[in-house]
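Two complexes come next, and they have one chain in common, subunit A, joined by subunit B in the first and subunit C in the second.
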Partner chain A sequence: MSLRVNGLKVHYRTLRGDVQALDGVTFSLGDGEIMGLVGESGCGKSTLGKSLIRLDHRMHHIAGSIELNGRDVPIGDDAAMVPLRYHEISLIPQYAMSALNPTRRIGRMIDELLRSRGVRPADRADELRRRLELVGLGTDVLRRFPIELSGGMKQRVVMVVSTLLDPSLLIADEVTSALDVSTQRSVAESLVEFRDRGHVGSMVFVTHDVALVHQFADTIMVMYAGHVAEKGPAADVVSDPRHPYTQMLLSALPEAGEDTGERLRGIPGTPPGLLDPPTGCRFRDRCPMAFDKCAERPPLVETAPGHWSACWKTEGH
Partner chain B sequence: MWRYMGRKLLVYALTFAVAVTINWMIPRFMPGDPVRSMLNRGSISDPGALERMTAYYEEVFGLDAPLHEQYLNFWSGLLRGDLGISVMLYPEPVVDVILRAVPYTLALLIPAIVLSWIVGNRFGAFAARSKVLDNSILPIGYVLTATPYMWLALLMAWSLGIVAGIFPTAGGHSYALTPGMNAEFLASLVTHWFLPFLSMFVVALGGWAIGMRNMIIYELEADYATYLRTLGAPRKLVRRYAYRNALLPQITGLAVQLGTIITGALLTEIVFNYPGLGTLVLDSLNNRDFFLLQGVFLFVVIGVLVANFVIDLVYVFIDPRTRVQMTGASS
Partner chain C sequence: MLELSHVHKVYRVGAFGGGRLRAVRDVGLTVEPGEVVSLIGESGSGKSTLGRMVLGLTRPTSGRIAFEGADVTAIKGFRAKKEYHRKVQGVFQDPFSSFNPIFKAERVLSMIRSSYFPGVSDADWRDRVTDSLRTVRLDPDAVLGKYPHQLSGGQLQRLLIARALLLDIRLLVADEVISMLDASTRIDVLNLLADLKERGLGILFVTHDLSLGTYVSDTTVILRKGAVAEKGPTRAVFADPRHPYSRHLLSCVPRLHRTWAEVDADLDRERPDPVVPPAPADEDGPVPMTEVGEGHFVGADQG
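Presenting the complex of A and B:
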């Protein structure tokens, strides 16, 4: 097991109280596993992605632990996290288009970043060139300024920069959201390629595009309102979803080329506010199958090998 | 690159032409006749003599020609470096009077602008570092920018000049000395220069510090800074990037401020009776010396345009985004 997250609670501190963005998240990730992390906006998936590498100043680690390759990841301690960042855990941010300093040539920025992390740029120069070619960029981008690249090119540069030190864990936060469909595919394929070549260990791929992620991810984890709803092998989660939320989420997706004449069904209602969330199962109010027991929080249990679900209605409870 | 420069130069040339035209128009369409007011000082009672003298002076100043000819004469004189003859200091040419004052103004302005900009930026970046500094240094900046300039200058002249007696409070040099390249005269120049310089420096400092502090806080929250921090880059690197990027708007601010700084110099020179362009403006206004006034304004216009052009050039070298616009590449 490379990554183990246990009961992780991260809250956003606001003037009106704590927003419980992550409320007891437990999962694990195997070596080389690519996990798609899906859910609606505000369900905590980006918060989880960020929590694994760097909490911003509004985020507070309340409880829970993270373990990477048997070592504790001290996410509450910013200074202690520094040695792990980039070397062990890395991030491709949601804002990849603006992640590069606009007034530095890309090559120089990379050199300065590497040097500041105690790596001799010359040691990684060949690897950098090879990886740029792998994602379809020439080495001339190193002499360019970010403004001279297209959005897709910047995205790929950031992908190469983030993975240059071969991290054991890579968090890809909504990396495909701003791209067109064909570019989305090539970005996803490059990430799988990076994993296959051992440039990155395991990967958390945060997205809301279930259709895209199930094509290349090994597993899918569905989050709802700061809780894990379901985690399992990608094919199983899509073909045989156990949690009512996953089922409804999937039925809300259109399928290309098929016209069954049926209207797509959305999920009625909205997710609960996380400032003062309801007790028990957080999907309760929108769930057609809810019953009395749902006032109590359902534990995440393994319903089939590697397939976990947190619902009182799934078998195994 | 050259197309960009050509376009910029064209805009500057147009601005210059418009400014010169307005500059020429103002004294001519303003109430008050310069020749009459000059002759009034002589209290000539004979109307015949007055008429002859008026005709003579109008010819000397070129006021007898029709307006459009005056305009063309003005341009041709301008291109030959001839701005006419001063009324106040008749018969000295305007150019000579101005050239005598320009070194004083430049010696005052350039160090005050450049040093306050550099120190203010450092100061602001430094203040953005911590809450404590932010809460102690910044209010000083606010007080400095909010202080009426004349009041601050008078306060300095009074405290450092009159009470402490360290610096002289008026003039460009001691009148007891003959100008020359000797140590005594140079020392006198420096001591006379110090107070006007200090007052301009202090007032401008606060504004730059506040601007820089706000810009750098914005840059430190920018995505590229967050990305670097996420990858564990040390504060030093993030700050260096943020500082450099925060400087760009400050440079634009400098270009915008240059015009107002010259009016600032006017006040300084008047308060300290410093023999630069500002004092010249006041004197020529008091004496209805429109030709001199016109010449001084022309110098100010040229100064502002040149300064802006230099900043345009500087921008090309420090901001890659300007370079991309220049070559017309799509971003």
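Presenting the complex of A and C:
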């Protein structure tokens, strides 16, 4: 197991109190596993992605631990995280398009970045060129300014830069959401290629698009209001979802080219506010299967090998 | 009801307006009452420009846009435009920026009253508002008196549709109305569009998402680089895409129950492969369309 997250709680400190964005998140990632992390806005998926690499000033680590390749990741200690960032854990940010310095040529920006991390740019120059070619970019992009590149090209440059030091864990936060469908596919396929060649260890791919992540991820984890609802092999989660939330979410998705003439149904209601969340299962108010026991928080239980679900109604409870 | 024929749009770009950018090239399409037409395209395909031209926010460079027989581009003057907008309304992508955050959300409704229905009594107006909120399945108590930040994106988007329904609209231009909504709520807005269609409204549904386009529309128009790549009945276009670009798009859409590899294999199977003629060099001239099935047209290859 390369990554183990145990009971992670991260809160946002606000003037009105703590927003409990992550409330006891537990999961693990195998070597080379690509995990799709899906959920609606405000479910804590981006917070989880960020928590694995850097907490910003509003985020507070309340409890729980993260372990990467058997070593503890000191997430609450910003200074102790510095040697791990980029070398061991790397991130492709949500707005990768604006992650590049507009006043530097791409090549110079990469050199500065590597030097700041104590790596001699010359040592990685060949590898950099090889990887740019792998994602379909010529080495001439190194002499260009970010403004000269299209959105898809910038996304690919950031992808190459983020993985240049072969991190064991890569966090990709909504990296394809701003791209056109055809670019989306090629970026997703490049990410898989990087994993296959060992340029990155395991990967957490944060997205709101289940259909996209099902195309290339090994496992899918579904989050709802700061809790893990379900985690399992990608094909199983899509074809045999165990948690009522996953079931309702999947049945609300229209499929391209398939017109059955039937009306799909959304999920009535809205997710609970996380400033003062309800106790027990957080999906309780919107769940058609809810009963008395849901006032108690259901634990995440393995219902089939590698398939975990947090619901009192799933088998195994 | 709405008819576009040979519509072109060329923007002047660059420091002195010397450069030319062709956003729309020879587009023709129609929207009938009770019909949903999806305009599907990637960024830069001209789909939003077309929506804006239909709403009268931008003028076409050449070509004709007719609504109920009258040329939309000939509408001049504040009063005539206002009359046009009584029948044709738009709802846009970002519901949060359509509202002024310092006023209550219902201000969008009261502004309709002050500019279109100044003579209506308070009681009568309240009934109309309640009526149109019920049509979009919003609970009046839950939304009236609230500020935009207290409502969800789906609620705001439905409130904007309710605003359009207060008028006597015949055509709704829905420009990426659901791309900012969450999966569990976007389907409700889509179902609402289907309800409106049953009431006889024509809807021009602009989107980049092919799966959403399939769900609601009767007719699909796939745009590429400003020109029509393929248009026809939704079922025909998705079951048997003839333009290489449409096939490429369909092969890239992530689907829930089929992988990319399966879709590729399916599209590679033997299919009639009509030769798509290259677009003529004359940029201002017409672009030929080939009819491959009933009402199913394939445009020229834009390279």
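In the analysis below, the second predicted complex is superposed on the first by the 317 of 317 C-alpha atoms of A that agree within 3 Å, B and C clash if a C-alpha of one lies under 4 Å from a C-alpha of the other, contacts with A are read in each partner's own complex, and residues count from 1 in each chain.
We take it that a contact is a pair of C-beta atoms (placed from the backbone, for glycine too) under 8 Å apart; a residue touches a chain by one contact, two chains touch by 3 or more.
These numbers come from a predicted model, not from an experiment.
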In the superposed model on subunit A, is it clash or fit for subunit B and subunit C? fit
Tell me which partner A:Leu249 touches in the superposition: subunit B (first), subunit C (second), both or neither. second
Regarding the shared-chain residue A:Gly136, is it in contact with subunit B (first), subunit C (second), both, or neither? neither
Output check: A:Glu148 vs subunit B and subunit C. Expected answer is one of first, second, both, neither. What do you get? first
Check the residue A:Gly7 against both partner chains and state whether it touches subunit B (first), subunit C (second), both, or neither. neither
Here's one for you: vertex at subunit A, rays to subunit B and subunit C, all C-alpha centres; what's the angle to the nearest 10 degrees? 70
Taking the superposition on A as described, I'd like to know which of subunit B and subunit C A:Ser98 touches: first, second, both or neither. first
For A:Glu112, select first, second, both or neither according to whether it touches subunit B, subunit C, the two together, or no partner. first
Just checking: does A:Ser182 make contact with subunit B only, subunit C only, both, or neither of them? Give me first, second, both or neither. second
Quick one: classify A:Gly17 as touching subunit B (first), subunit C (second), both or neither. neither
Taking the superposition as given, does A:Gly306 touch the first partner, subunit B, the second, subunit C, both, or neither? neither
Least CA distance subunit B-subunit C after superposition, rounded to whole Å? 6
Shared subunit A contacts, counted only where both subunit B and subunit C touch the same residue: none
Sites on subunit A touched by subunit B in the complex: 53-54, 56, 81-87, 90-91, 93, 95, 98-105, 112-113, 116-117, 145, 147-148, 158, 162
Mind listing the subunit B positions that touch subunit A in their complex? 222-224, 226-234, 236-237, 241, 244-245, 248, 318-321, 323-324, 329, 331
Touching residues of subunit A toward subunit C in the complex: what are they? 40-41, 151, 180-182, 184-185, 208-215, 238-239, 248-250, 252-259, 263-267, 270
Under the stated contact criterion, what part of subunit C meets subunit A in this complex? 42-43, 152, 182-188, 190-191, 194, 208, 210-215, 234-235, 238-239, 248-250, 252-257, 259-260
